[in-house]
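Next come the structures, one after another.
Shared between the two complexes below is chain A, which pairs with chain B and chain C, respectively.
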Partner chain A sequence: MKPERLHPALDRITRVRGVRGAMVVSAEDGLVVADALMEGIRGNAVAALAGSLAARLARAGAAAAAGEQRFVHLAADGGALLLLPGADGLLVVAVTDQHVNVGLARLEMQRAAEDIA
Partner chain B sequence: MKSRVVEPWLLAPVDRFVRECGARLTLIMTPSGQVLAQHGFTRAVEVMSAAALGAGIAASTGEIVRMLDEPDFRVLNHQSARHGIFLGRFASSRGPLLALVVYGADTSIGLVQLFFEDLVADLEAAAPVVAPRGPVLAADFERDLNESLATLFR
Partner chain C sequence: MADEIRRMTAELARDPASLVFLQLGDALRLQGQLDAAARVARSGLERYPDRPDALDLYARVLADAGNRRAARETWERILTLAPRHVGALKGLAYLAYRERDYDAALDLLEMALSEDPADQAVVLALQTARAAAERQDAEFRVRTGADIFAGIEGADHAILLLDARGLVLGGVLRDLRGLVVSEAVAAYVAGAAQEAERAARVLELGAWQTLECEGTEGHLHVSPPASDTILLVQRDRAVPAGRVALLARRAAAAARAWLEAQAG
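On to the complex of A and B.
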């Protein structure tokens, strides 16, 4: 992991229109490694639940013989939660509103995952 | 497995905590090791040992914290291969309390910490208002301890 690249990588994700916050999370622990969040988003709660969600979905994917998890898009009425597994057991997480361009956000999340690896 | 509590108001917050964070073992106790609630233990001797050890760890860590002129000890986490052990101290209307939580690989320290914050808030909201107690005598302490253990394993 390259810690000095964490915040620039997160900043690029948050520049995508509709992204309300981005985080790098330790997937196994569910703890925040770095974050760039708008006020009102509970970073530790999102990190813990995102880590748990990714682990459970990975098990569901394995049970369905779908292969390795690559991207998770949880769409809700008020926005979305995007998860992208990275190297070293890290998870790139984005919290967005309902108008976000998911493709663009995913692209920036992928770049972030590559930058910090 | 059901949670066991010394006083009924503890049951709902402890049950919710265990259900949401997936803890395998949970103890709520005073800093002196008097158990108020437990989940997951099957024998009284295990509860007594865990409570004594948890209280000892909290006391010794608290002393180190004081030597460093830091604010009070709050949480301690130990991660081993198959289990994690979380020890948290929190203020309540009943005075300071400790939560000792053992969790497995099916949950995470992030979830335990997250729901620990909710547990503290839930306990505070559920605690009935009580009159201040007098000094604790040795005989009272032993009687309270025996009554607590009898309740926890009734």
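On to the complex of A and C.
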């Protein structure tokens, strides 16, 4: 992991319109490694929920022979939670509103994952 | 018919050993005079206790009188004497049909037809039993959810409907080797759906709509088509995520229609 690249990488994600915050999370324990969040977003809750959701989906994916996770998109009425597994057991996470361009956000998350690897 | 019955009655009175009792008993049965028919049949059986036709007559009278158990025993006895007796096969097929055991009825009727291919009654009975078996099969498939997703790509291996507890309601999921993995996957997917609902609520994102997971080998698309139900659509990685979402919408509509039919 390259810590000096964490915040610039997260900042690029948050510049995508509709992204309300981005984080890097330890997938195994759901703890925050770095974040760039708008006010009102609870980083610890996002990290814990993202870690737990990724773990549960990984078990479902393994049972369904879907292979390793590459991207997770939880869409809700008022926004979305995006997860992208990176190296070293890290998870790049973005919280968005409902108008976000998911493809663009994903691209920046992918770049972030590569930058911090 | 009345004249014919009188003639046969007189003939039997003149010659008690006559086999006319077979026609007389059947004529009385067809007239609905079941007590008289039973008396004639029993009288004939006293003289010819192991004659299959006499036993068959008696079994038909018993069946018409609603005594199916005795009728069955009698027809089964005939088959110990004459294993391919058409009357007994038809009689047992009739009982199986009445009990909605259409597979057994079809087996017995096909055996009867192989014995007497010109028997039009057997041909008609076979058509009736086949139609009933098809209706029963269709009812079963609707009831068990086997056909919920009929006509949708992947219906036979990659779409699953489950309840909130992770129990399969319909559809089927197979792994790459073709093995059915519906139950195991359903349990994990229900857990993931619960977590999706919790995450959306805690993060104040509103009600969750879909949970999509792209994997190195395939995509999973999870959604709640109705309250307390979860739909999983799985496609391999060659299928674009947008197309998976489209399939999932069609499958969700089918699931809702099936759930409404179940509720009705």
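The rule is simple: the second predicted complex is superposed on the first by the 117 of 117 C-alpha atoms of A that agree within 3 Å, B and C clash if a C-alpha of one lies under 4 Å from a C-alpha of the other, contacts with A are read in each partner's own complex, and residues count from 1 in each chain.
The rule is simple: a contact is a pair of C-beta atoms (placed from the backbone, for glycine too) under 8 Å apart; a residue touches a chain by one contact, two chains touch by 3 or more.
As the structure is a computational prediction, the values presented were derived from the model and not from experiment.
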item: Touched partner set for A:Leu31, first chain B, second chain C, both or neither; value: first
item: First, second, both or neither for A:Ala76, with chain B first and chain C second; value: second
item: First (chain B), second (chain C), both or neither touched by A:Asn101; value: neither
item: Partner chain in contact with A:Ala45 - chain B first, chain C second, else both or neither; value: both
item: Which superposed partner A:Ala65 touches (first chain B, second chain C, both, neither); value: second
item: Superposed model, chain A: greater residue contact from chain B or chain C; value: C
item: Overlapping contact positions on chain A, where the chain C interface meets the chain B interface; value: 45, 49, 52
item: Chain B-touching residues of chain A, taken from the complex the two chains share; value: 25-26, 28-31, 44-45, 47-49, 51-52, 55
item: Of all residues in chain B, those that touch chain A in their complex; value: 107-111, 113-114
item: Chain C contact footprint on chain A (complex, rising order); value: 41-42, 45-46, 49-50, 52-53, 56-57, 59-61, 63-81, 95
item: Touching residues on chain C, where the partner in the complex is chain A; value: 173, 175-176, 181, 184-185, 188-189, 191-192, 195-196, 198-200, 202-220, 222, 232, 234, 237
